[in-house]
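Presented sequentially are two complexes of chain A, the first with chain B as partner and the second with chain C.
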Partner chain A sequence: MNSVHEGASYLISNYVFPNDLHVHWSMMIVLYPYLSGLVDGAFIVAALYYVFGVKSLKPIARFSLIFALSFLLCVGMPVMLHLGRPERNLNMLITPSPSSAMAGGGYLFMVTLAVLLLLILFLYRTFLVKQQRQSKGLKRLFYQVLTFGSDNLSDEALALDEKVIKFLAALGIPVATIFHGYVGFLFGGVKANPSWSTPLMPVIFLFSACVSGISGIILAYIVIKRFRKEAVDTACVRTLINTLFGFFILAFSFEMLEVFSHHYLRSGYHHMVEGLLNGPLFISFWIWQVGICSLGPLLILGWLCLLRVKDSAFVIGSAIVSFILLLQVLFMRWNVIIGGQLMSKSARGYTEFHPEWFDKEGIIAVVFVMAVPFIILFILSRIFPLWMEGKSEAQGAGGK
Partner chain B sequence: MEQPESTLSEDRRQFIKKVLKGTIAGSLLLVLPAGAGNLKVPEQIKGIRNRPWELAKQNFAFIVDITRCIGCGSCCVADKREFNVPDGHYRTWVERYLKDFDDAVYVDSPKGGLDGYQEPRTDIKKEIRDTFFVPKLCNMCHEPSCVQVCPVGATYRSPDGFVLVDSDRCVGCAYCIQACPYSVRFLHPVTHTAEKCTWCYHRVRKGLLPACVEVCPTGARKFGDLNDPESEVTQILKGPGVLTVLKKEMGNWPALYYKGLRREVV
Partner chain C sequence: MQSTYNSHVKRIVVGLIVIVALGLAGKKLLAPKSFGVYGHYRADAIEEAAAIEIRHGTNASCLSCHPFEAQIHLSGKHSTISCEFCHGPYADHAKNGKKIGTLPVKTGEEIKILCLRCHNRAIQARPGEVIKTVIMPAHLEEQKVKTTHICNQCHHVHAPLRYINHAKRIVGMQEAS
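For the complex of A and B:
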C-alpha cells in the first residue's frame, strides 16, 4: 500500500451503502429496453423498404411490421411486472410529472403503437376488404372494424393508401427513434450512477436496438422459412446483413467509446467503473459482450459482407451471426442495467445480483415474457399474412 | 347452611360490578381524543404550537456533527421504532470509518449501525491512525433528483423544505431510488412504495424534534429553523466551524449539513 491514491483506497473496504445491497431494477428492466429495441430495429427494416425504397427488402417488409407490433404489444408487460403497485400504472398517464423523463414513456408508447397499427391497417387494407367481402357474421364485423368500415378499392383510394403508408412509415422513423432514445435516456439521465450518466447512452441504446431488431428479423425469417420448407430470398438477407454490419459497427464503436472515454479521462468515478468491468462484470462484459458476442460477429459479418460467400453458407452464417448479436444486445442491456446497479453510490464497493426462479421478476417470468410476443406473432399471422412474394405493394395484400 | 352461600354470591356480584366499571373506564380512556393540544411533552421547536402552520416561513436545516458522534446507534433504534422500519432497510444509518497510516480507508456499517459499534474491527491488521462515525439520512435537497424523476409526482418537495413521499400515489417504479445520489431510499417490502427519512415531519409539525435528534446522547444531530436567529442550527451556521454537504458536485443543494466532515466521506 505504498502508492495508495484515493481511487485505490476507495475500493479497499468494499463498502456498499445499506440500501444499495438490493438491486432494484432487475431482469424485467433488462427486458423492457430489449423488447422495445427489437420493435425499433424491426421498424427500421420496414422503413428502409417503405420510405427509402430498398426493393430487395420487399419479402420481409410486412413481416417486419407484424414482428414489431407483436413485440410492441408486450413492451408494457415487464414494466407491469416490475412496478411495486402495478394497479396504479395509469397514474403515469393521468397525473404525469412533467419534470420526469419516465412520465413521457406511456405517451410515447401509445403514439408508437398508434402509428404502427395504422400503418399495418393501411398496408393490409386491400386484403382486409377482400376478407370482409368473403366472410359473414362476427367475422365480417371484425374485418369491418379493421378497415374502418371502408371497402373502397378504387384506384384513387389505393393511390391515397400508398401516400398514407409512405407518410406513416416516414413518421414512424422519428417516433421509433424517440421512443427508444427515450428508453436510453431513462438511464443516461441518472446522474447518481456514473456508469449510466452519459449523453452517449441514448445513442448506444438506439444503435444496439437497430442491431437487435435487424438480427431478430433475419433469424426469424430464416427459421420460419426453413420450418415451412420455403426458399429463403438471399438477396433480401444479403441486404439485411449489410445493413446489420453498418449498424453493428456503429453500436459497438459507441459502446467501446464510452469505456475508452472513462478509461482515458480517469475521473474520480473511473476507478469505480473500471473496477466494475474488470471485477463483477468481467465475464459478462469482456468475455461475452465484447469477446464472443461482438468480436465474433464482426469477423463473421466481415466474412459475409466482404468476401464472396455461397448462398447456402451465407444463409447459415446470417442465422448464426444474428443469433449471436441478439445475445450481444441482451448482454449489453444486462451489463448496463444490472451491472450499473452493482456499483454502490458509496463509490467504495459492489453488491451482488442473484436472479430468482419464481419471483415476479424471476427467470420463469422472463421466459414467459419472451415467449408471449411469439404467441402474439402467431395469432397476428392468422389475421395479417406475413409474406407477399410476387405481388406489387398496392395489390400485394390480396394474398400470400 | 345458607348464610355462607349468600355472602359468596354477594362477593361475586361485587367483583363482576368492579370488573365492568374498570372495563368501561378503561375503554373511555382509549376513545377519548388525545390531540396535540393534550401533549404533555414540552415544545421542542419554538413557535410551532398554537399557531397556524406557515408553510413558506420555515427554513429547516439538519446538522450532523461528526466530531460528536460516538456510534452508539441510538438514533437508528429510535428511527426504526418511530417508523417500524423493516429489517434490511434504512431511513438512517451510521457508518464507521477507519484510516490507517497509508491513508487507506476502511468503512463498514453492519446492520446500519443499529446495534451500535460495541466492538472494534478485528479484520484489519494495519495500525489505525484515526477513526470516526458518520450518521446518514435524507439530505432534503433543494433540487432533489428524486422529485425530478418521479413520473407521477408522488415524491414532492413541500414549501417548508421537506422532501416527502405520498405513498397513496407512488407506483413503486424505484426510479427515485436510482436517482438519489445518497441512497437513502428503499422500496418498502409491505407497501411496495418508496420510503425514506422524512426528518420526522409528523413530529416537527407538532413542535417536536425528529426522533433521532431527541435520543442522540451527545448532541451530534441538530435540527431547527434557520429563520429563527436563536435556533441552535442558526448559531452553528453562523459560527466558525466548517460546515459542508455530501456530494456537492451532484448539484442537489442539500439542507443536511455536516460539521467536521472528513474528505474521505462519500
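For the complex of A and C:
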C-alpha cells in the first residue's frame, strides 16, 4: 500500500481539479440542443415542400410546422431550469454584449419564433377566417386576433398570402439554420474544452438536428396515423426516409470525421479526448451512439432505400429506424455535452456524472420537459388541424 | 371593419414595427442608468463594490489581541494559514479595537471536517508537495488508535506538529539512553 510509487501514481492518474468534480452543464443542457434540433429538422421538412416543391411531402408539411412550433415554444424551458437566477436572463437581452453569443441566441430565438408563427398563421389563414365567420363572442375574437382582423379571402388576397408564405418559408431556412447552428457554435466556441472546441461542432449539430427532426416527424406521423386508424401515405414516408438517409450519412460521417481528426492531429489534449471516448464514454459512445444507433440504422436505411420493400414492412421499418435515430441524436448530445465535461482541466483525470431524480435538472424534470411539447402539440392541433387531406381549402396554401 | 386584400399584411408589418419600437424603448428604459459609461458594465458597480465594508482583517489584525495563540501559530507549520479561514471573518468579531461578537470555535467532528478541507487526499487535485494529505481512516489506523480520534487529540490546531515533534524528542531521548 505505502509503496514508493504511490505518490507518483496519484499525481499522474485521475487528478481532477476540485472545480471540475461536478458536471455543471447537466441534463437540461443536453435537452436544449435536442429540442432546438427537433425544431430545425422539422422545419427543414416543411421547407422541402414549401420552398423546394417536393410534392410528396404535402401530407406532413403543415404537421411539421406545428410540430416545430410545439418544440420551439419549449426550447427555453430547459435553459431556464438550468439557470440559478432565471429572471436575470432578461438582463442579457437588455444590455446585450456584442461579444456574447448567448445574447445573440436570445434575439435569434425571437426571430425564429416570429417567422414560424407568422408562417403558420398565413398557411392557416383561409381555415381561420372560416372558423371566425362561424363563431361568436370570445371565440370569434380569438380567431380575429389570429387572422389580424382581416377576413378577406379574395383571389388577390390569397395570391398575396402565397407570396408571403414562400418568402417566410425561404427566410425560415437561414433563420432555423442559424438558430441551431448557433447552439452548436456555443459548444464549439468553448476554447477550454478540447472535445468541443472544433469548427466541426456547429456542422455536426446541424446535421444531427436534421436527422432528429426528420425522424421525429416520421415517427410522430406514423404513430398518430396508426392511433387514429387512418392510412399512412407511404409515398410521403418514402420521400422522408430517403431524405433522412442522406442527412444521416452526412451527420454520421461528420461525427466520425471529428473523432478521426482528433486522432490524426494529436493536438495538445488529444490524449484526453481519446481517453474519454475509450474510457468513461466507451459504452455510450462506441456501443450505443456508433454501434447500435448508427450502424444499425445505416443497415435498415440501406435496406429501405435501396431494396424493394413492401409498403407495410416499409412503414414498420421507418418507424423503427426513426426511433433508433432519435436515440442516436440524444446519445450524441449526451456524449458531447455531459461527456465533454467529464474531462478535468488538469488533463489528467475524469470525473463522473451522477444524475439526480428530484433535482430541478433531474430525471423527473427531463421527463416533464420532454412531455410538455407533446401537450402543446395536442392543444395546437385543436386550433390548427394537423391534416388537411380531403379538405378543398388545402390548396389555398402552398399553391402546389 | 372593412378589410382589403392586404390589410392583414399591413397590420403585421405595423405590428412588427411597433413591437421592435417597444422593445427598443424598453431596452432604453430598463437598462441601468450608469451602464456603458466606462465599458460594457454598470459604472455604479465600481462605487458599490468599493463601498462594501471590508470583512477580513488578515492575521495581523488578530495578533495584537491574541498574543498567546499568535505566538503558537507563528511558530508552527500553520504559520502561513489564515486565522479567519478556520474561525470566520474579523468583521463578525471585532470593530475599532473592541470585541463585538463571538466567533465559532469548532469542536469534535467539526474539527475533522475543517482539517480535511485542506488535508484530504480524496480530493485529487491537492498538490502533495505543498499540502501533505492523509486518507481517513487509514491515517488513524497507522497510528494504531481508534478511528473515532479527532485530529486535535494529536495535532495542536495552531501548530500541528508541536506535540508530535515534542513526543518524538522524548522518544528519541529514551532511545538514546
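Quick notes on this structure:
The rule is simple: the second predicted complex is superposed on the first by the 377 of 400 C-alpha atoms of A that agree within 3 Å, B and C clash if a C-alpha of one lies under 4 Å from a C-alpha of the other, contacts with A are read in each partner's own complex, and residues count from 1 in each chain.
Rule of thumb we're sticking to: a residue touches a chain if its C-beta (ideal position, glycine included) is under 8 Å from a C-beta of that chain, and two chains touch if they have at least 3 such contacts.
For clarity, every value in this text was computed on a predicted model and none was experimentally measured.
Look at A:136: by the touch rule set out above, it reaches neither chain B nor chain C.
Once the two complexes are overlaid on the shared chain, A:164 sits against chain C while remaining clear of chain B. Touch criterion met: A:17 reaches chain B and chain C at once. Once chain A of one complex is fitted onto chain A of the other, the partner contacts of A:229 are absent, as it touches neither chain B nor chain C. When the two complexes are overlaid on their common chain A, residue A:308 makes contact with neither chain B nor chain C. In the superposition on chain A, contact of A:347 is made with chain B only, not with chain C.
When the two structures are aligned on the shared chain, A:156 is found in touch with chain C, with no touch to chain B.
Taking chain B and chain C in turn and counting the residues of chain A each one touches, the greater count comes from B.
In the superposed model, A:125 lies in contact with chain C only, and not with chain B. In the superposition on chain A, contact of A:147 is made with chain C only, not with chain B.
For the contact definition in use here, the residues of chain A common to its chain B contact set and its chain C contact set are 10, 15, 17-18, 95, 97, 344, 346. Note for the complex: chain B touches chain A at residues 88-90, 93, 95, 100, 102-109, 112, 126, 136, 145, 147-154, 169-175, 177-187, 191-193, 250-251, 266. Put simply, chain C touches chain A in their complex at residues 1, 3-9, 11-12, 15-16, 26-27, 30-32, 35-36, 40, 121, 123-125, 128.
The touching residues of chain A, when paired with chain B in their complex, are 1-2, 4, 9-10, 12-13, 15, 17-22, 24-25, 82-86, 88-89, 91-92, 95-97, 99-103, 105, 186, 189-193, 341, 344-348.
Residue ranges on chain A touching chain C, taken from their complex, read 7, 10-11, 14-18, 90, 93-95, 97, 114, 118, 125, 147-152, 154, 156-157, 160, 164, 344, 346, 349.
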